[in-house]
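Just so it is clear, A, B, C, D, E and F label the chains in written order, and each chain counts residues from 1 on its own.
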Amino acid sequence: MDPFTQITSHITNAAKKLEFSSDEIKTLLKPQQIHKTNLTVEVNGTRQEFPAYRIQFNNARGPYKGGIRFHPKADESEVSALAAAMSIKCALVDIPFGGAKGGVVVDPKQQDSSTLELISRAYVRAFVNYLGVDNDIPAPDVYTNPQVMGWMLDEYEKIVGRSEPGFITGKPLALGGSKGRDIATALGAVYVLLQYSKSVGCNLQGLKIAVQGFGNAGGTVAKILQEHGCVLVAASDSAGTIINLAGLEASDLLKLKLEGKSLID
Amino acid sequence: MDPFTQITSHITNAAKKLEFSSDEIKTLLKPQQIHKTNLTVEVNGTRQEFPAYRIQFNNARGPYKGGIRFHPKADESEVSALAAAMSIKCALVDIPFGGAKGGVVVDPKQQDSSTLELISRAYVRAFVNYLGVDNDIPAPDVYTNPQVMGWMLDEYEKIVGRSEPGFITGKPLALGGSKGRDIATALGAVYVLLQYSKSVGCNLQGLKIAVQGFGNAGGTVAKILQEHGCVLVAASDSAGTIINLAGLEASDLLKLKLEGKSLID
Amino acid sequence: MDPFTQITSHITNAAKKLEFSSDEIKTLLKPQQIHKTNLTVEVNGTRQEFPAYRIQFNNARGPYKGGIRFHPKADESEVSALAAAMSIKCALVDIPFGGAKGGVVVDPKQQDSSTLELISRAYVRAFVNYLGVDNDIPAPDVYTNPQVMGWMLDEYEKIVGRSEPGFITGKPLALGGSKGRDIATALGAVYVLLQYSKSVGCNLQGLKIAVQGFGNAGGTVAKILQEHGCVLVAASDSAGTIINLAGLEASDLLKLKLEGKSLID
Amino acid sequence: MDPFTQITSHITNAAKKLEFSSDEIKTLLKPQQIHKTNLTVEVNGTRQEFPAYRIQFNNARGPYKGGIRFHPKADESEVSALAAAMSIKCALVDIPFGGAKGGVVVDPKQQDSSTLELISRAYVRAFVNYLGVDNDIPAPDVYTNPQVMGWMLDEYEKIVGRSEPGFITGKPLALGGSKGRDIATALGAVYVLLQYSKSVGCNLQGLKIAVQGFGNAGGTVAKILQEHGCVLVAASDSAGTIINLAGLEASDLLKLKLEGKSLID
Amino acid sequence: MDPFTQITSHITNAAKKLEFSSDEIKTLLKPQQIHKTNLTVEVNGTRQEFPAYRIQFNNARGPYKGGIRFHPKADESEVSALAAAMSIKCALVDIPFGGAKGGVVVDPKQQDSSTLELISRAYVRAFVNYLGVDNDIPAPDVYTNPQVMGWMLDEYEKIVGRSEPGFITGKPLALGGSKGRDIATALGAVYVLLQYSKSVGCNLQGLKIAVQGFGNAGGTVAKILQEHGCVLVAASDSAGTIINLAGLEASDLLKLKLEGKSLID
Amino acid sequence: MDPFTQITSHITNAAKKLEFSSDEIKTLLKPQQIHKTNLTVEVNGTRQEFPAYRIQFNNARGPYKGGIRFHPKADESEVSALAAAMSIKCALVDIPFGGAKGGVVVDPKQQDSSTLELISRAYVRAFVNYLGVDNDIPAPDVYTNPQVMGWMLDEYEKIVGRSEPGFITGKPLALGGSKGRDIATALGAVYVLLQYSKSVGCNLQGLKIAVQGFGNAGGTVAKILQEHGCVLVAASDSAGTIINLAGLEASDLLKLKLEGKSLID
């Protein structure tokens, strides 16, 4: 089952339980606008094309909001599904935004930085008419980062001819990014765990934890939980797993990862 | 083979014969922008949805140009193919326009006039950002007519807040439409025939002709060729065929058709 | 004496007491801009016209601000007078807004909801050039409510093509309306009474009150004053009056009214 | 009977003869938009106010078009009537424009040139939102001339920040005005007379003519008719009448008038 | 050495100490945009010209920000130097603005108020394309004051047709100016002194102070320091110096200055 | 004497002979707007800066018009002088344009094509606010050609998001350039010669001509004059001179030059 069929099936089930009318359900099952293009970029004299999407699911609650992913397997179904999820996530936490998502079919690991900059700028040029602080506000997603957001913001400001930092979120702090965004994903996971442990009467002090995946999200979760008294007994990354029942030091491991090494080095 | 695969295969063959580079061919095989939406229209208190497209193939030679069809079988492949054809047709006659096409998935024969007006206006509202006299100029196509163009023009002028008759072609004369557009298709066929008969040394005077299909195009061709001395000996429509070797009077038959009758009545 | 002559006579008297110059007084006696139109709406196939006004009195202190009333007796003099009053009210409480007012000559009790929606949308289309978050910000007034503001906001956002909740105040909470606006009028009256009772040394505890008019304003005043210890001994609406020296329960009466009944039912 | 009642009564009569529907007649009896303001101008340190109007009658056939008059007796009824007449005149000669009219309540003979310039510029500033080459195109009318149009054009171009000579007609030749406009009114009268004389079989050669009013219109008519063989036997202006059955020389009299003298001087 | 050579030499020295790359240094040594014009103003029928500048040094950190001075010796080098200084000052206190500066070559002491108003309005008209709340935000500087800012704001709002108080800072309180701005310069000096005295262990109580220059800055510094316990023993203005070892009363002296008198009167 | 001093001295002399007022002369001696910037372009990883100018001399007669030169010695004085000359040239031939000029300080012979493209695009980005079909219309000048105009047009259309071929003149035919522009300079010279020879009674048939400089201008002049019967006896380019009293064939020599060879090869 493709991703969009999957999410619309979930939505339909939920909407029926909530006794939505068939007109209301219909609204929740199709994106309002789908935009597709091919970004054309000249790399070392040869022209390369990268299919690109911006799919705007629903803006009934405010401007569209959603990240842009750079991924070789991004396609219309997946980006539509993620745009639908964004609409529901924004509604759930009751912020005045709708949902959208963008994607470029590219493997960023096989492109150098200057090609990625050209792709980022071409994306903004292609979709500039449908984006903007009161229309649709992008953000980072899989394989895009603050640097990509910075290129996109710069391109947008050049086109519209004014300073407009609200165009995009997840940009570098120096360009007006939000403090705390780097650990926001990890903090979210910790908050959920704190609520859960309280509700089940579990004490974090001395609790043994194992963290699978030790990137920015997993590693930071480990570090924060350690500060709450948990004991990190195991940690893994794509290269392997380390175990120490007496406790590992999360900040040491994070430093290791930042140097580009693996946990098992 | 779907329509878009078909046309890109033709284009590829032609481009190879013309010895285009692979970069040049690549440009001719993909639309620059695909826009899809669902037009939502409230008819007698119930909400109906009509998928709608605007596909912009290539604007290297000037603003996009291409009609909008209302057809139950319109889809992304067909509309893309027609947009590609528009790009090539505009280039062929060397007018400074690129090619685009639009479509709404609707059977206009099963909708009353007020629903068609709502759909026409919704189409303009959905795609207003990508249309405009210097960007993309629509026109009538299958099952859309001057009346539909008039609704679309009115909706556009209300949104942009100014008089802008150049927004759309094929509109009614009273709103700034072009004189002669009603017989333009027929005239085009006649011009081709005139050139052909000259090149093969055939004399039109007394030439016997038979016309298959007697709508605005076929019937008008018959009428004009009669003025050039041809003798109309046979004419057919979807109901049947009439034959008179001594000659039929094209204008009488056209009058019959305008009254909604068949040739065989 | 018509409403505008009345208010300008008050203004002249006040301005003379404050020793304004004749140039200064002149500025206070005429609206800066008067816009009049006829809203044309098609109801069940017949065209109806509703005269409509937007009168912008003075914007020296900031964007114009003022409600739109739907009333069969709205006219240029009344709307001008109300626009003048808005200018003075905004200045009095020192908020950075000028004053304006709008009106449509229609009896909303004799129109169904879909006609009112058409009128609301036509009003925005007619005056869109002079409205906007930095120019003139409408609000509800007599016989217009959050639903009307919602239609107007939706029409405005469709025309300008962006999310702009600041366009209008008094809109539904779900569209960005302000919490507390529903009881704001009543609270204002209560605050005045609280100040007054303090200044004359009157104790609210046990104070007997009678409330004339038991709609959203009057009924809510009664309910809040009851919470301050007052005893509601009489209440009236357009159908009649009820009296109980031992005290009536305001929230019961409000519930009755919400069900569309009269106090004397 | 005020001017607007008068013209709408004429329109109603004509429309009934043409068997227009009551909906169609309704459309012809009310201006689409009325804009009123007070132009405030500082002359020698004291503030003066001049009521001003722009009344847009109908734009179904294209952008509004109509002159601006400076006249002490201009009022809403008169300007509305003239706007209605413009709509009908433009339709009659089948040019793609609707009808509008503007007016300022001022006696230009009692104002010096610099005050008139301030009034002209203030007029454009007040109504700039509703004017423009695709919306509403002003022109000279009673007591306004190419110089006034030049000030208005200059003010408009300063506000919009671009060269836009199409904003206004009747401007000086050096700013893009049309050649021949100075004698256009006279030529129009002559053309009518030529058609009429042809239709009644009257020979212009030797025909005796008397011209009442010898300004730009009347004097030029006399001069052109003389070139067609007519004999000018009498001419009058506000100061008196001169008669010469043997013939007066129109160009001499025009020269006299241009020097500011009267015909009887 | 001209002012711009001077400041770029300082910048180069500092940048070298901070080990900036030569590319980075290059960016700090040239304004991004220089705009020059001649403001033409008609005073009593004769045309006067005033050279005017807006020099935008760097906007990497946000919209340009910087004052406009009216000074007979303003020139390209000085205004460029001040624009460079503004860029560095904004960066130093870490507010999201770049640096710019404007100047008009005029001696405001030799012009009456109405000429200064004309110059202020002409300045905005000349540079309106490069200014704006998201592009470049002016402020007062030498010989310009809240009144000048008010004229400039009014001109800007007339041109753009909307309320936009953020266009300029240093405007009068009644137009949206910031409270406290009048004593901000003096307070800044006092804050520096407070920090300094604390760091050197000096007690302000009873400290004898002498103030050279008793305008808005110097006089206010004296008044505030007196409130901190300092004793004002000497004060001077361009006319002379007064001394009283027992202490002078700063507020009395300020009142004297406000009446347009000298300290020695 | 620098170029601008030189031309203003010529203008002053001419204006005095024409008895212009001192106010009128003043207007002719200073550009209305001077814009300067540094174009920053990244070539092979290192940042290069190229000072760039757009100087708008006078737009009283219509939008500014004037070329952009790429030259190592372009400076403010020279570009100002050329902008002044453009104003006078446009007025002389009575076309509704004012005069401007642009320049970039770069030696195009020392830059490869991709750097020149980056410079061309950066120029448009820097000055986009002051250019446009109703404001200021660039053209080629020394060392800029149709290719450069094409890059500039493409950059402009990308920024404004619409097709706008009128933005620039001298662009390639395929992008909407004017037919005949390539031989326009030569034709102008021939027209002058034709008029001159007629006025002095000289017969072109058999007239011997020598052409100094055999680029697009000189070579084409030779070719056209040959068609008028002249005999080309000598031709020179920067490499040398060839002489043949019996006559040289201009079209052969032009072909030689087009192949990049010298006349003496």
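Just so it is clear, a residue touches a chain if its C-beta (ideal position, glycine included) is under 8 Å from a C-beta of that chain, and two chains touch if they have at least 3 such contacts.
Owing to the predicted nature of the structure, the values given are computational and were not obtained by experimental measurement.
Participant: Starting at chain A, what is the smallest number of hops through touching chains needed to reach chain D?
Facilitator: Tracing touching chains, the least step count from chain A to chain D comes to 2.
Participant: Chains touching chain D and chain E alike, please list them.
Facilitator: Per touch definition, common to chain D and chain E: C, F.
Participant: With over half of the numbers shared counting as same, classify the chain B/chain F interface as same or different.
Facilitator: Here the answer is different, because the shared fraction of interface numbers falls below one half.
Participant: Looking only at C-beta pairs in contact, point me to the busier pair out of A-B and D-F.
Facilitator: By number of C-beta pairs in contact, A-B is the larger.
Participant: Let me spell it out: compute each chain's centre from its C-alpha atoms, then which one is farthest from chain D's centre?
Facilitator: Of all chains, A has its centre farthest from that of chain D.
Participant: Which one of the chains is farthest from chain E, going by Cα centres?
Facilitator: B
Participant: Where the CA atoms of chain E average out and where those of chain F average out, how many Å apart are those spots?
Facilitator: Inter-chain centre distance comes to 44 Å.
Participant: I'd like the Å distance between the centres of chain B and chain E, where a centre is the mean of that chain's Cα atoms.
Facilitator: 65
Participant: Name the residues of chain B that each touch 2 or more other chains.
Facilitator: As it turns out, chain B has residues touching two or more other chains at 129, 161.
Participant: Quick one: do these chains touch in a line, a ring, a star, all-to-all (complete), or other?
Facilitator: other
Participant: Chain pairs in touch?
Facilitator: A-B, A-C, A-E, A-F, B-C, B-D, B-F, C-D, C-E, D-E, D-F, E-F
Participant: Over in the complex, which chain D residues touch chain F? Could you list them?
Facilitator: Spelled out, the residues of chain D in touch with chain F are 161-165, 174, 176.
Participant: Touching chain A in the complex: which residues of chain F?
Facilitator: So the residues of chain F in touch with chain A come to 125, 128-129, 158-159, 161.
Participant: For the complex, which residues does chain D have touching chain B?
Facilitator: Residues 59, 61-63, 96, 132, 134-135 of chain D touch chain B in their complex.
Participant: In the complex formed with chain C, which residues of chain D make contact?
Facilitator: 23, 26-27, 30, 32-38, 40, 46-47, 49, 126, 129-130
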